[in-house]
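Here subunit A shows up in two complexes: once beside subunit B, once beside subunit C.
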Partner chain A sequence: MRTNTYKPDITEQLSPFLVVFLIHASQIGEGILSFERFIAEKAGHDSWVSVLLTGGILCLIIYLIYKIVLRGDGDLIKIHQDLFGKWIGNVMTILVGCYFLILSIIVTRSYIEVIQVWMFPELSTFWFSAVIAFLFYTFIIGGFRIVAGLAFFSVILSTLLASFKYVAYTEGYWTNLFPMFDHSPIEIMQAIKPMFYSYLGVELLLIYLPFIKNKKQSLKWAILGNLWSTLVYFVSVIAIFLYFNQDQLQHIVWPTLNLWKVINLPFVERFEYIGVTLHFTVVIATICLYLWAAAQTFFRISNRGYKVITIIILVMTVVGCNTVDNFVLIEQYTTQISYVGYYLVIIYIPFLYIYQSIWLGVKK
Partner chain B sequence: MFRRSRDKLLNQSAVDAGSSSIDELVVVMKQSDDFSHFEFHQMTISFYKTLVDQTEVHQGIFSYFQNNRFDRLEEIKQALPIDDITLTSDVDTVKEKMMQGYLLLQHATNQQVLLIPAKLSKARDIAPPEIEYSVIGPKEAFVEDMDININLIRKRLPLPQLQVKELTVGKLTKTKVAIIYIDGIVNPDNVETVTQRISDIEFDQIIDSSFIAQMISDNSNSPFPQLIDTERPDRVASVLSEGKVAVICDGSPHALTGPTTLVEFFSAYEDYFLPWHIATIFRIIRLFAILFSVLITPLYVAVLTYHYQIIPMDLLGTIISSRRDIPFPPILEALILELTIELLREAGARLPMKIGQTIGIVGGIVIGTAAVEAGLTSNVLLILVALSALASFTTPIYRIGNTIRLIRFPFIILAQLWGLIGVLLAFLFCLSHLLKLTSIGRPYTEPFYPPRLQDLKDSFIRAPFSSQTKRPILTRTSDTNRMNASRVKAKQGKRK
Partner chain C sequence: MRILCSLFMLMFLVGCVSSKIIEDIQLVQINGYDLTAQEQMIRGTISIPQYGSSEQANEVNNIEYHAESQTAQDIRTKIEAETPYPVESGKTLGVLFGRGLAEKGIGKLIEGLSENQDFGRNLFLCVVDGKAETLLTQEFETQDTIAKYVVDLIQTNQEKNFPKTNFHELLYSFHGEGMDFFLPFLSHTDKDVKVSGLALFKEDKLVDTIPFKEVFIFKALYENSDDANYQFFWAEKDTYLTIKSISSNVKVKQLKDNKMSITINMIGIITETLSLNIDQLNEVKKLERALAVDISTKGQALIKKLQEQDIDPLRLGDYARSQTRNWDYQAWQTSYPNMEIKVNTNFKISQSNIGK
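Let's look at the complex of A and B:
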């Protein structure tokens, strides 16, 4: 059914404009619940500038990724093999695949933590992770088209949830944002690094771009998806800064969830229960995209079947979720993997681009 | 070895054993008491009394023999004013034709035999549709006879391009199946797929089109039907002109049409007879009814078991006072009520119509009220369950209603396990299944995913006919334009 090539069958390919949803869904995930705390630590109430700056940088990165993939005519695995030879190339690919896998394990675990803190203090991590691993399995085994379908539906939900930030605009304090530009440019730059965790997801383009029908045309959609995420993050960060003051913010783990507590609908008293539930779809979509990318990476470089690899990856996810059992550790791992992602996106991808340019020049 | 012996058994089965000569065949057939066999001058005539139209045999054929004398079968063939008379010596043809109501004519001097058609065709009168009833619009429904059904479709689409492909399936029933499509509009791939799948059917009996539907579905383990079965000729004519394929099975008053999508199951054909905005609102109401029907009991279980904090203060009072004396947890309460409703529905469906109504009244009113008064269930839940049962009956296609009622139970169980998160997980499992589902190779969740704006015009909304200038992308038709769009615009201008 699935063949081990970088050129997928036409039935598995998607329309270019779906890239908007793929980019948006892979970026918006667990990070949106808490990113404000991390960036406010560095640049205070001016860190919304960093949100916009990071969005801008990511647009450039997306352009670079498109260049790499279009010039290399294949996914990351083929490009690695072309550029570095079979052995070193495969090692690099495995490293990237491990990054995808670890990131998805950490995101899964940290969202289970959210559920445990906000909804079910006695939720069994093992059984719950096993059941959601089965859910991931049903999506991933369907191939990229199905994973992208989930991403598509999750975007509708994440946009809906983002619109619930409106309470902060009606009940917040605009004075919280002033005096504007109180922080030095260096501080604002420093906030880019923690912000990156929420923007991660564009690197998946390296794996799934061959699954898009009209690659060149989809660049503008990818940029649009990224701008959409930037808008959502911007609305979100302003909302949180309006509602909480900076000192308060440092003591709140998930500011968005605290904000949802304020929402009062005629038929719903505590909106955060519904919010946490619906946001889970968004997180699952992100995790599925990452897990699919991991499965695809390992599938491409090994001779095993796609099913076997997916099962192995999911067993590792369940085991990984159960070994980390401490909130502080989860936070620590999240920060570390976000740094890995940061360096991957901001250093490795430009490096790959330059190296590929040189390699192509030499080849000519 | 095992397989070979089984194959041998199959080959030796009594039904398959062919007779080596026509005389032998007649001997076998004579064993049945409804078989007539008599000699007449130099000829032997044999037929099944129960299969032929006896008036026609006596008046049209026998009277001919009495008035004229024939020495050769060829003469008869030319003289009789009946077409489709065959002259053959092939045993299998003779057997097949005789089972369809042909007369067998043997002549002492001739090796060959003559087969004269005198088929008795008795069919029910065309009646108004019962399952897909509509207040407005045509009121004819398919009957069990295939020729009448095809005639009903042909009358609505008087085109030479409307083509019918006949196949015979079922080892014992030898059911005739017709694949109908409009050449030039339909995508040949779809016809090819359907033809291939139907001719691949290996089963001894095909009684109804639903047998075929189950066997040719893309995923026969799915609770979701992947082909629409309809009893309305107008609906079939309409989907044929959208480039879909219809399958009609002899002996079944339901046609199958495909490829189809999930939303098509929620569109009543009456929607097309109403103004577009009214139809759209009805469709949206139906869609909400389905969501309500699936989700409301699980949500009740989830919220009352784990998250009663969600309920606003005023509403909480009402719910608590109705649940105060209930000895069961919400999950048991919900399961008991849901199963009661299913029981009532099943009893109502199995009984004759008049008793069925009584059961409905006894069950709905007496048991419901008594259960609440006895303190076994809360009246809030009773209202919700009754409403969700009602909502599940809004589905225009009967089959999907069954699915809706079935998939509610996994939702309830997951709701008990993990509250709202459980409901969400059940929903996502459902979504992953739906995303993977295809109908004759076309995506089932279209036009939502893959998102296709053009097909959205006739999904949960029904845009005015003037804006539906193209045929659905789903079917990948050879001819995509429904009409000349530029002329439509000109006309609109004139009306102003």
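Let's look at the complex of A and C:
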């Protein structure tokens, strides 16, 4: 049985290089289907710069997270307790845990929406979420190593799917990218905020880093994972901008799926059906990582059984999926939770780092 | 136990959506939309192939259904009232618009099609001279279904003289600033269908057409291409000859606010020149120059015509946008009709033919 400590034993730990897959899988999820529209709203055809900038910022954040975890010698729960005392620390941990849970609910719900819109309009949200909740249960109960295994498949598939954007490079219009840097730096900065939703996932390092052997060594792998995601997003954003012009892009909800509509393989006339289906694994990996992090967070502070907590979390996921039953709400909630994630990563983590530095200085 | 449990859950998933069995649905291959006689409603026609059930009777028949309504979706609902099985449009190959409807505007229908995930983006849309309904109900001498016939016709022509059009290209120009869309223009007799030119649209209304013989010029101005034929009258020698362009490359440049230049670099083969004896270098140069001047003047005239109609199917506005910082769409719209647009052509004859 699992023990309730921040020091997992060797049977639960992973090799450092697997962090590449964990970072990439937790970042690439549902956002890749639609992020181009949100960033293009702010900075038009120049918003590919924001994609690279956000990737760069995330490298710094990853470095900070490593510093925090290595200096604190434990996961977020222990660090919170050390820094803010038991009560305030636990409250903050619960808030972060709730964020993990809500984010996974939103991602699940928006993926179900994609299936409903693109493939099966009659698909019942309740039954589908119930069945995948069962799937999540088997993964999460298996522990972190199982979730990491899923992340590996997710990376293979997301890279494969990104390569199917090649049609845009052969049939798109390069004039769409010109004139370059026609938008002001402020507009390009503004596009970073909507871009963040697609890059969220690095904050999970705060929870799962103790599960990695040789934490210090894994830093370079984490950065590499983040750069890999940046590359995938960069290839995607250029593909979409070549293929659609800016006014057309604002009329399209999932540009990637619309792009796949023109791929005509000998055995399947419309690639988007394959795309949506294969994307399932990619999304499942993201959700499982977040749900696992939520379960782990609550498990660490509550002293209850891991199974019980997982079941409670999954019941909440199913209920959450079914309460959001409107496409307007889905988009609204996605935006809101992505802002929470944005502030968590870009403000709270640097704050935590600075506060920890001061605290360590005082202690000395 | 866990495996049993997951199998059990999978059974629930099967019940989540209704299944569609291929024998129990009717697959639409082509849609047609026309204006009704009172010009109040849209008359929709769909063509569904009926495949024979036995080997003796495996001939393909088309069955057409009609309905009239204001919206495309309602037409579908009314048509379903006539058909024994549900109608599915996932395999639709083409959509035809009658000329009358196209002149009144097809924006709403296009938006409706673009919102429906059933339709692919390789869909062919065209305008029919006359009514789409008469074309779809006509019996033609063809082995295939009417949809396949029309679509193959357009597709083959696009590899040659016709510019590339499909549903994605249409939406691209329809939503984009500084461009208007165009569609192939079909006409038909009792026996066959032919592509007779291009239908040019302003926003969503048909305003003009280009005849077939000018489509070569249009294509040269519109996109790079590699296989198109053009008949040329050489005034100097008082003869007709046909060139086959094997590579054509177009560059659009905005020179000043009110001035643009289009450069076409074309490499071609000449045929039917046996009587001309052009084996001297200066003769070849002469022909090249004559051809270049001919294409340039015709291109210039075509652009003049487009400017008079205030339409921009060549996407010149988009070229201007990509070359101007802080491009102003409003300013472009006002200056476009009076803009000075110059066409330059460089023609190079690369090979002759096997005759001497």
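By our rule, the second predicted complex is superposed on the first by the 364 of 364 C-alpha atoms of A that agree within 3 Å, B and C clash if a C-alpha of one lies under 4 Å from a C-alpha of the other, contacts with A are read in each partner's own complex, and residues count from 1 in each chain.
Everything that follows uses one rule, which is that contacts are C-beta pairs under 8 Å (C-beta built on N, C-alpha and C of every residue); 3 or more make two chains touch, one makes a residue touch a chain.
Worth saying up front: this structure is predicted, and the values here are computed from it rather than measured.
In the superposition on chain A, A:Ile337 makes contact with neither subunit B nor subunit C. In the superposed model, A:Ile284 lies in contact with subunit B only, and not with subunit C.
Residue contacts after overlaying the shared chain place A:Pro179 against subunit C, while subunit B stays out of touching range. In the superposition on chain A, A:Ile274 makes contact with subunit B only, not with subunit C. Of the two partner chains placed around the shared chain by superposition, subunit C is the only one that A:Gln248 touches, whereas subunit B remains out of contact. Of the two partner chains placed by superposition, only subunit B is touched by A:Leu18; subunit C is not.
Of the two partner chains placed by superposition, only subunit B is touched by A:Gly149; subunit C is not.
When the two complexes are overlaid on their common chain A, residue A:Glu122 makes contact with subunit C while staying clear of subunit B. Comparing which residues of subunit A touch subunit B with which touch subunit C, the overlap comprises 120, 123, 128, 131, 135, 138, 269-270. Touching subunit A in their complex are the following residues of subunit B: 306-307, 309-313, 315, 418-421, 423-425, 428-429, 431-433, 435-436, 445, 448-451.
Residues 14-15, 18, 115, 119-120, 123, 128, 131-132, 135, 138-139, 142, 145-146, 149-150, 152-153, 266-270, 273-274, 276-278, 280-281, 284 of subunit A are the ones touching subunit B in the complex. Those residues of subunit A whose C-beta lies close enough to touch subunit C in the complex are 117-118, 120, 122-124, 127-128, 130-131, 134-135, 138, 173, 175-179, 182, 244-248, 251, 258, 261-262, 264, 269-270, 272. Here subunit C touches subunit A in the complex through residues 2, 5-6, 9-10, 12-13, 15-18, 90-91, 114, 117, 120-122, 168, 171-172, 174-177, 318-319, 322-327, going by the rule given at the top.
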